Amino acid sequence: MSSTSIFDELESQVRSYCRNWPATFTTASGSSMHAEDGRSYLDFFAGAGALNYGHNHPVLLEALIEYLRSGGIVHSLDMHTATKREFLRTFRDRILAPRDLDYKVMFPGPTGTNTVESALKLARKVTGRQHILSFTNAFHGMTLGALSVTGNSMKRNGAGLPLTNSSKIPYDDYFSGATEDFLWLERVLSDSGSGVDKPAAIIVESVQGEGGLSAARPEWMRALSELCRAHEILLIVDDVQAGCGRTGDFFSFEEAGITPDIVCLSKSISGFGLPMALTLIRPELDQFAPGEHNGTFRGHNPAFVTGTAALNHFWSDDTFVGQVKERGDELHDGLSRIANGYEGAVVKGRGFLTGIKFPDTSAASRIAAASYQRGLLVETSGPEDEVLKTMPALTITSDELRSGVDIIEAAATEVLGAPVAGLAAAK
Amino acid sequence: MSSTSIFDELESQVRSYCRNWPATFTTASGSSMHAEDGRSYLDFFAGAGALNYGHNHPVLLEALIEYLRSGGIVHSLDMHTATKREFLRTFRDRILAPRDLDYKVMFPGPTGTNTVESALKLARKVTGRQHILSFTNAFHGMTLGALSVTGNSMKRNGAGLPLTNSSKIPYDDYFSGATEDFLWLERVLSDSGSGVDKPAAIIVESVQGEGGLSAARPEWMRALSELCRAHEILLIVDDVQAGCGRTGDFFSFEEAGITPDIVCLSKSISGFGLPMALTLIRPELDQFAPGEHNGTFRGHNPAFVTGTAALNHFWSDDTFVGQVKERGDELHDGLSRIANGYEGAVVKGRGFLTGIKFPDTSAASRIAAASYQRGLLVETSGPEDEVLKTMPALTITSDELRSGVDIIEAAATEVLGAPVAGLAAAK
Amino acid sequence: MSSTSIFDELESQVRSYCRNWPATFTTASGSSMHAEDGRSYLDFFAGAGALNYGHNHPVLLEALIEYLRSGGIVHSLDMHTATKREFLRTFRDRILAPRDLDYKVMFPGPTGTNTVESALKLARKVTGRQHILSFTNAFHGMTLGALSVTGNSMKRNGAGLPLTNSSKIPYDDYFSGATEDFLWLERVLSDSGSGVDKPAAIIVESVQGEGGLSAARPEWMRALSELCRAHEILLIVDDVQAGCGRTGDFFSFEEAGITPDIVCLSKSISGFGLPMALTLIRPELDQFAPGEHNGTFRGHNPAFVTGTAALNHFWSDDTFVGQVKERGDELHDGLSRIANGYEGAVVKGRGFLTGIKFPDTSAASRIAAASYQRGLLVETSGPEDEVLKTMPALTITSDELRSGVDIIEAAATEVLGAPVAGLAAAK
Amino acid sequence: MSSTSIFDELESQVRSYCRNWPATFTTASGSSMHAEDGRSYLDFFAGAGALNYGHNHPVLLEALIEYLRSGGIVHSLDMHTATKREFLRTFRDRILAPRDLDYKVMFPGPTGTNTVESALKLARKVTGRQHILSFTNAFHGMTLGALSVTGNSMKRNGAGLPLTNSSKIPYDDYFSGATEDFLWLERVLSDSGSGVDKPAAIIVESVQGEGGLSAARPEWMRALSELCRAHEILLIVDDVQAGCGRTGDFFSFEEAGITPDIVCLSKSISGFGLPMALTLIRPELDQFAPGEHNGTFRGHNPAFVTGTAALNHFWSDDTFVGQVKERGDELHDGLSRIANGYEGAVVKGRGFLTGIKFPDTSAASRIAAASYQRGLLVETSGPEDEVLKTMPALTITSDELRSGVDIIEAAATEVLGAPVAGLAAAK
């Protein structure tokens, strides 16, 4: 295809999404993406969670264009800017204060792996311990520190080094109910001969966005939090993918009622797909020396502008949260209807980070491909890509949602055959 | 100061530039930054090298606003977009092809540390070796892999971990001429008992932007390149700060006439201060599997738009290079005039990445502070901040340049006393 | 005490056994040790397992003196000596051949930690993998590699380094029956997203001599062996303490009927308390290059002489094994009688590596101290020293055994009060 | 050869010395080793330095046999024994006190690698730093910690792991005089941006026994010691091979007049080829907790007995030292005479740890092989085995010494042709 030849000619083999979705995209709006060949696609992917408010939301777009038009400063490292001040105030007033959170805000560089690296460094520095515990099937990023706490073996192999200073512990329901929660963790922490060195921190995702959409139960998150407190271990919640409203609340851990020691935010924090990340830190842990962690793109003012606009527009009252929960139920119902038609298929995840796991591990990839043919962008998740992962914009309409679910249903029928009636009752 | 209180209240102690330059900035244009209190500052800092074409260059700004107005897609991960295609074509036509370079282009995540991490991972994967050699006073980034090859001890301590799988080797003139080039490196590589494990790669900056503005001589770079070739070690040039025209040519290594195996670019590759990075890879080394390194913000289309505009505007012919060299000479002359007035002061660096090292290690910081009072943003560099580092936009005018140099001269006089006449001849 | 003053004056604080047993010993014979002050002690410690045949067994002693008298070579590195040949032949004929084992024999340096280090190095070299799995409460030695697979946190802290390239897995019954065997291990090995890198090897002790005398069940050992085979992971049995007859059979794993890939032997392999170690290797894994692992004291001929004599004297037929099992039952019965008198006390271990775990974690240390006052050397084991560990010479007589058990009983009564009748039935 | 078939059949391929010296040895005395086939060999190898007083020295042998005959305890871990007390007293009176040394004595396990591991662990624990500097072509042992500070790449590869937490620095004259002493070390220690983390310790051999017999000059050792003191870095001297009189004095560092912080001794400390090692520690560094480093064979009483006898016999006055120096001169003269006959050949090393380096790197191995044919055991050293290494017993007679040198001379003539007259003057 001539239109993609420059990619074949020049771009590294490491590229991946374009292999499944080979269209060349040009414009986008809300939950629609438009390709050069005239086709449009409904977006159940939302920039892997970076587009929680959809593409080019007009309120954010206007704020950004106005800012640029005004000659506003674009790049400022960690100097003070009026834009950054406005973002910080808004973040405090819309997000932190209403939730009684007194975090310090660190700008660690504009990506998820930057915030994770800053969190791991800080936890080690503050505690004087080196070990980090992370969970089976966790995904935290691709730089060396973040990769060490990531589960996926293909990605780990990319390091070309043994990944050290971290051990893995079982995520909620890793044994499908066969064993008690935290049996292993409690046992090793209280046994001075366990050989599992007391960790600086445990890092956790409330929903494992890349690791197969397992969602931790609120009571499990609470027990984890208490365990950390009892053993003086820091709890880091990586809310890069599950945060910013993705699970219904602004933070994914609100449902559990816990307060992590450190929180990692990125993806949708700018609200517009612009690179930005935050590390939230309990005040007494704010112990980096000036410049001890830094990075060139910490002061990306266009992201402050759109981030402020997004916080003001969506998080001033409960309207948006209510709407997201409503829409989330619709999505869940739609996916359940599909899953109920196939033996062994189960709905995974929480809120707008949800999907279907099929017993045939190749099913999700084939359904995603068939969905793409029908004009829907939907990806897979899990170590074997065994989960069809839906992650629409939180601003999607009921009609769009229904339309996307219908496409998935048709694709599933194409791939797996017609659904079987009556399975639902049996489940 | 009430206007900055939210920073004190909410922002992490890790912030640093704002401590020396406490103004709150609002707008910026070319080499001028404007603060809320009505003061303007001449910018000899240029976003730490992310603003090689100055703030808000009108050609880039218009292209960006037009793109946003048109509904252009903002965030696309590594899907194909028309914008990305245009960027790749332009990069090929304006940069790679004229220089006979056949690199593959990888988008590794939008920051300098992302491209460095991708380069280190790739070098290890491709060679099957783990060790990396890096140079004294190198700076490559703040995530764990990049930090391991960085020299600064304060920044290294932030890791909270021993940094492993890397050794340090002396940069050009590390011994002030007291010993032959590459004596140590050649010796250990050819001695199977040296205990320095054969490295996957050597990573080098042509000019050490953070490490004190040491600039490697072209013949040293050539010898390094030949040494790498002879021992089948990959040569990675980290051109994050020194690339994109900063030293006069597009790549800092052009002067030496070498072709590195892997090149890291970021900072000014978007031309507008927008986060973006590239990893350039010799085709035979392009061996990552699809998705083996990834990241959410690899498809930041506004950066593709401004990057394309910048390449077209500045790199279509030799005009800009010629102008940069001319202006670079003026800067160098100005700095030399100042340095010549102070015993032991020397001019360091190359092109627009240049400065003055004073024998009194506190002088540079004090001169920078006095310059700020006079309306000039200029920072320091080096392990003890002993170098006054000037890094103006490449688009700065002669008048602005002269004006900035005059401020430094006045600040130096304030801090160190009047210059001594006649020292120049003695030097 | 004047007799020990040179120890206080000159010896490092790291010394430990002498703190609990401060007598100065002079001679020893069988299960008796004699101190300078005229007191004798019954030895339920046996050199931490290095004296399975007791002190100064006359057959071994005579062989050694005769050898020395004859001018026999003492130290030979890994040159051929007639003595080494004799040892190898005897080891083949008495130990390997009757058990259908075709191991290659490596002399890795004369201590337990040397053989463990050689085994770990070989496993990594042969498989090309770096990770090693070891068990909770394992003890494998004090050099850096062996310490990395050891559980005890006090000993691990001595490294002064994060210990890397190893993860811990739960030993048999680590959860007191609360969960299924190998649930964790099977799950992580079959899950490519588990984040537990596929290991080169799993290293295990059949009985955890230092870790609290947990003994793995034969069926657990078999399942472990099968799991390793299924996943192409090497199985290393560290038989340094539990081998050489300590559990009844020559190798501790014979009861389970498995054949490990690598076996570590030391302690009693010389039979006389002389430093010596062996690494047994499945022939296809014998892939070290000549000299790739070495050490000065690999050719300790006095140890070959006594080792040969011991193998010939004790392992030519089944008499010794039968006797050890008989005596082992007596020991077990005696300990059970004591344990049955105290609520919550349980007998741990197997064969002549057995003891009593008391619910009060300080009980064992106090009973050991009271036993010492009564003339019995008996130590403790476990992360909190919570197990009274009996490890008599295998050659101990019934009378000595009874006498030692009686002392423990009296010491327990002193420390914990009179035993409670009727508890046994309730257990 | 039928006599060695069990070695071929059963022993691991890792064996090495027996490949060059395939005789099967039976008895030995002084500097003579006797093989089964009736041949005798003159020993210029001395158990790689473990037999400084020759084989089966009668004074030591008698003391050992008498001890064994008396029923003396053989194995005692770190309990007090009368024998250990006697050893400590003698070591204090004969070695430490006369040299005004107030070291604490640690028994770290009976081999060189054990003492090195204990020294590295202690240095890290005491300083709280992790990094260790070691020298090019150093050899410190084969367990993971000691291997990390060893230079030889073949041996390092045996680890199957990247070796971490150590950097290499150039040994004395590593650049053949091309650069100033300690240029690199002083520079990196005083440069906070060097990227060479401040080390816990520097570990050094006064003569590199395995690394090619480079001998550090006394002034270099002094400068190293001062550098360590100035930077508060611990200095560890690994005197495993060069200690116990090998270079003339008891400690190899006496010539330089320095006092290391930690000293590693093994090999000839028992005097009889019996496994034993000591770690000597400045009192204020004696900070291991009881049992924080341990090992089964720390209380090897036969080695205490022979060690005590050796210290009393050889080190009660200066006679032995004088005789060693005299004999050392003879050896040096003999080797010089040979070296002078061959272009580019140079004498290396010091005292009884000396040899000839030939420009043709295969020469030494061929001369060693030809010497073996003539009845002399002499090995090679260096990363390419390029040095013929002579290490006779310190008790060798003048006649034996001459005889051995004559054999080497004849072997050299056979291998390299007749010596060239008149070269000496030119050197």
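For clarity, chains are labelled A, B, C and D in written order, and residue numbers in each chain start from 1.
FYI, a residue touches a chain if its C-beta (ideal position, glycine included) is under 8 Å from a C-beta of that chain, and two chains touch if they have at least 3 such contacts.
This one's a predicted model, so the numbers in the text were calculated from it and none came from an experiment.
S.K.: If you walk from chain to touching chain, how few steps can bring you from chain B to chain D?
M.R.: The least step count works out to 1.
S.K.: Hey, which pair has more contacts between C-betas, B-C or A-C?
M.R.: Pair with the higher count of C-beta contacts: A-C.
S.K.: With centres defined as the mean C-alpha position, give me the chain B-chain C separation in Å.
M.R.: A distance of 58 Å separates the two centres.
S.K.: Any idea how many Å lie between the Cα centroids of chain A and chain B?
M.R.: Taking the average C-alpha coordinate of chain A and of chain B, the gap between them is 31 Å.
S.K.: Just give me the whole-number Å value for how far the CA centre of chain A lies from that of chain C.
M.R.: 49
S.K.: When you check chain B against every other chain, which residues touch at least two of them?
M.R.: In chain B, residues 130, 154, 161-162, 164-165 touch at least two other chains, as defined above.
S.K.: Using the touch definition from the top, list the residues of chain A that touch chain C in their complex.
M.R.: Contacts found on chain A: 130-131, 134-138, 149-154, 156, 162-165, 167-168, 170, 174-175, 178-180, 183-184, 187-188, 191-198, 211-212, 382-384.
S.K.: Would you tell me which residues of chain A are touching chain D in their complex?
M.R.: For chain A paired with chain D, touching residues are 161-162.
S.K.: Mind listing the chain C positions that touch chain D in their complex?
M.R.: Touch residues, chain C against chain D: 3-4, 6-7, 9-19, 21-29, 33, 36, 47-51, 55-56, 61, 64-65, 68-85, 88-89, 91-92, 104-107, 109-114, 117-118, 120-125, 128, 130, 141-146, 148, 154-155, 157-161, 164-165, 200, 266-267, 272-275, 279, 281, 286-297, 300, 302.
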